[in-house]
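First comes the structure, then the notes that go with it.
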Amino acid sequence: MGYRTLAATLSGVAVFTLSVSAAYVIWSKGGNGSGLYSRHWSPDSVQGYWDPDNFYQPSKSVEGVFEATLCIQCHEGITPGIVNDWRASRHARIDEPVYCNDCHGSNHQQLHLPTPVVCGNCHEKQHGEFRDEARYGFPSHVLAMERAVDAPHFADKPKAEVQSCVQCHSVATKCDSCHTRHRFSAAEARHPEACITCHSGPPHPDDESYFASAHGKIYRAEGKDWDWSKKLVKGNYKAPTCAYCHMDEGRHQVAHKSLWKFGLREVNPHTSKNQLLREQWIELCSDCHEAKKAAQWLSELDRERKSAWAKLYRAEDVLKNLRSNDLLRPAADERPDYPMGSFWRMERIGFFEGQASAFYNVSALERDYFEMWYFDNLGAYKSAAHGNPQGVDEGHRRMAATLERIETKAQILRHRSETEQSVIANPAVTDLWMKGKYTDFNRTHN
Amino acid sequence: MGYRTLAATLSGVAVFTLSVSAAYVIWSKGGNGSGLYSRHWSPDSVQGYWDPDNFYQPSKSVEGVFEATLCIQCHEGITPGIVNDWRASRHARIDEPVYCNDCHGSNHQQLHLPTPVVCGNCHEKQHGEFRDEARYGFPSHVLAMERAVDAPHFADKPKAEVQSCVQCHSVATKCDSCHTRHRFSAAEARHPEACITCHSGPPHPDDESYFASAHGKIYRAEGKDWDWSKKLVKGNYKAPTCAYCHMDEGRHQVAHKSLWKFGLREVNPHTSKNQLLREQWIELCSDCHEAKKAAQWLSELDRERKSAWAKLYRAEDVLKNLRSNDLLRPAADERPDYPMGSFWRMERIGFFEGQASAFYNVSALERDYFEMWYFDNLGAYKSAAHGNPQGVDEGHRRMAATLERIETKAQILRHRSETEQSVIANPAVTDLWMKGKYTDFNRTHN
Amino acid sequence: MGYRTLAATLSGVAVFTLSVSAAYVIWSKGGNGSGLYSRHWSPDSVQGYWDPDNFYQPSKSVEGVFEATLCIQCHEGITPGIVNDWRASRHARIDEPVYCNDCHGSNHQQLHLPTPVVCGNCHEKQHGEFRDEARYGFPSHVLAMERAVDAPHFADKPKAEVQSCVQCHSVATKCDSCHTRHRFSAAEARHPEACITCHSGPPHPDDESYFASAHGKIYRAEGKDWDWSKKLVKGNYKAPTCAYCHMDEGRHQVAHKSLWKFGLREVNPHTSKNQLLREQWIELCSDCHEAKKAAQWLSELDRERKSAWAKLYRAEDVLKNLRSNDLLRPAADERPDYPMGSFWRMERIGFFEGQASAFYNVSALERDYFEMWYFDNLGAYKSAAHGNPQGVDEGHRRMAATLERIETKAQILRHRSETEQSVIANPAVTDLWMKGKYTDFNRTHN
């Protein structure tokens, strides 16, 4: 068991190191996929729209090289909506309009979908800020795609579900996740809806927690009458939206003010760096609130986090203790040989062992902990951060319930005979992943 | 057990046959209720508003035969809101207005609530399209009410819950489910909210999945400024709403484009009929998107469905295997004699055995499967179909968790002694439905 | 066990008596907190904003006594948003404007946050109505704060979660929960969003159930075009909002029309008082609907409640039976000595034993029942009351599932040997609350 613990720790360190460096390596375009694990997956065709630079294949149905006026003339009949959008956009109304072919090219059989680099040709400041997020590691928008394809579960999860992840992670590869085509409006992107296209649902209920907060509900009731052409500076909006706080003054860089790292791992609130960030937040909140209140609110968040980590660490201890006594079954080396299985055969208990990849092919107890950590904990955090009190209660209530379930199961495991343990532990998982239609299907389709 | 399996299969076939033919039989208005099982239930009084043709009883408090101007004169004081709505409606503003008594009658003690037939007197095209849905079987709007009262669980479920079902299923019997009274506005019905009055929550989170999709969130942010008087044709709306895709060009027929049958049973995507439907969808999506993308998206949906059915079939196999070994307890013949019990005493495992009626009075394992199939599976499907990636993940994660739970329980059942099995299997259900306040209350109140 | 049952009953009576009288006693401001249990908790600093009369401490950073024009002059630069809001408010636009210092005072080091009493100086009628709610006991707005701090779980729950409760319960101590500062608009408070800042999520999904109802969805689709300056009387709104029904004609008193007491305990619908209330509702519904329909709808609610209580009582019986046989473990006297532990050491089964405080430090089975009663039951009730059929189904389905779980666990407990019982019962709870980081943390931080 000592070996396993050591291996886990080492692998944990390895993951951490790899993932830090991965941001700066050029992806190997080996096999069909891209990224570190490119040999282990192949892209679905629709991936071309989510990662156009790597995978988009233009239609070959129309031949010819077209001038902008011809693009518009033809598409006015075929897809009038996008032409309307363009006409209503600033692109069409400036002195030297930005036409279709400026972004897509002119040869209809070689059309491309504009990446942030293309947009950055004109919008240099915004693109620079966007790229600058990489300095802060992950989570960040600019690394969202490569970190998705570089996570072991990208190859291990059933592809239908992976595709769901990638759909949002494509925010790294195209600007119209927030400024929808073909109006590309700044006013639109200032609306909270621009963000929550992706930031909703577990594990990141920013949607749910903002809209259920006092801020969000003022927006819901009155936002329809606000002047969204105004800049995101104090005095312009009665209540803040996502962008007001996270992209203050329109800065396209969301990562630099991150205080608690998404709730994914514990953060020491007393480091000098954290204190500096905290002052930035307090200044921002002071656009409307007493500074003292902002500081107190941040302390409440520290308290909430402390309470959450008390529960999470306790669950982690229980699991690690079971592992030391060889009671966590199926153990990593008893699990099916998944795409990434041989490379990554270890338990994943806690952030530093790659817990974020524990979606599948783990013991039931690891999975319980995964859900407690990734869904309930993050839900509580987001709710606390956005001022949605019910979400805090809900998250903590669920965490407490899961912790109790984990402790009960662990206690039963310790009291049972060996024969019984092998049955009760979680035989279903072994069976589920070892054989049968489901596993076979996944194995051949990732 | 052979008998039971055979019986289940036969009954499955019977259900299927009955439900296909039921659309065309005239309901026996025997007993107090209507429909095939009319002897087994009696309508609540409020049912008169949900199925007015069969059950509405006008108030007797006001006597007299009134002309339209008198209706309005009096109701302007009593219920000014509905008079305001009518005045704002097209009914009031056309050359020959449609007055109260045109739809409700003039004799105040014999007033009726207008059914689709009444509306169809003028709106012939829409009514014809609406009725045409019957050709496509169920799910469909036009059959929603009769299929509800013709499902065995209509008599078996606690009435308080059945009433909840019927409230939405009344879409079959009155047009103001979508065009609310008394404005009956087409513009209103083009809003997604017109549909999601019913299409929300499990098992059909169309609301949740649409509003969390890119389409829905563009609507949320900008829909307030759209011109809703415009027809549902390309170029008129920046993002599609429910009606834009499902009732394209205003056609009051939603069923004909159904590709995956609501996710209720597996569909072969490669039949020529399915390919034809697929082309219709691709053409529709091409109003805004590249046709290739639409086709690829549909393939992603095929993949999602394949992955879901892999899990569902596996769970079904486990349950059927337990049944063959007489381990599914309480077995159908040990269950309480519910209203429909003697007629319908069988397990309900999977679509063809009438799984949709497995809300109550089943073993805990059948119920686990029911929730996996009816809630988690349909949630995943709707999310995939509407482009809400988080919902896909959530649905599949829940399905996997339930599948594991089912497998674990099954494995435990197989390893236990007989005495223990009878306890652990699911004693609570037997007890819950066999005796006690709850069952007694239901038995006498359905 | 007889002792324990008796004690529970007596304590139940005691709670009831205490909570009735507590509304009228003056809080002892002993220790750091306030309320009956003030010795057992100390306020977080942010509490000053939620209970300003007791705890607000003004900032000392700015010295001086300022006239109104100076307040505005300075804050126009520092916090322009709140000055904009004030300018747009009626306070600024009346002949004798209400200035900053009228509500906050002039001495910057002794500023206060206005309580309802301050607002009541001018808005006497509204304040009187608001205070009048106290006559109807709890739940009510005016008692929301004192009942929170006077509930045993205020001292027993982890503080991070208690703070979440208090955030909404502060509706008792400040008017800007509904009329957000500094516009304090009546039109805003007529929007449903004004209410659902607090009334959302379990255990009071008023938000979810209203917005998913026919009423709520008409508001969602069309409310943006309504004239919100209009009074809440019939004819002015196409669909009702929270305030239209619960604060009809603008009356600031929500408690007097309560028919089912929030679903917290069973109510006899046939008392003469209930019949009188019912007539008030029917009259209100008759603003738009046939009176008969309103009456029938209320009967449906009676049926729904009856069905819910049938399930709840049955669960309660199971738990009480286990307690009689000493099978509910850990029993109250085996639980950790929590802040309120010694005073309040008893099981809490059902409303009259203080079930509402059973968030933590209870056996797993008590907790199951708590969730069934407080979340699923209240969800079903709110959904039925607001006309959200899916929520009714969801609540009842969950209640049935929990009831089955409770019965199964109880049956297993009764069949096991004593050794096994001590393990299976729910060892985790004992362990969870007896020792370890989590408990220690709570014990020293409440």
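For the reader, a short list of remarks on this structure follows.
Each chain carries a letter (A, B and C) given by its place in the written order, and its residues are counted from 1.
Everything below uses one rule, namely that contacts are C-beta pairs under 8 Å (C-beta built on N, C-alpha and C of every residue); 3 or more make two chains touch, one makes a residue touch a chain.
The structure displayed is predicted, hence computed values, not measured ones.
A rotation of 120° superposes the C-alpha trace of chain B on that of chain C, rounded to the nearest 5. In the contact between chain A and chain B, the residue numbers used by both copies make up under half of all numbers at that interface.
Between chain A and chain B, the centres computed from C-alpha atoms are 34 Å apart. The set of chain B residues that touch two or more partner chains comprises 224. Across the complex, chain B meets chain C through its residues 44-46, 48-49, 59, 78-85, 158-161, 163-165, 167-168, 180, 183, 188, 191-194, 196-197, 200-202, 207, 224, 359-360, 364, 367, 423-424, 426-429, 431-432, 436-438, 441-442, 445. Listing the residues of chain A that touch chain C in their complex gives 212-214, 217-218, 220-222, 224, 234-238, 286-288, 290-293, 296-297, 299-300, 303-304, 306-308, 310-311, 313-314, 384, 387-394, 396-397, 400-401, 403-408, 410-412, 415.
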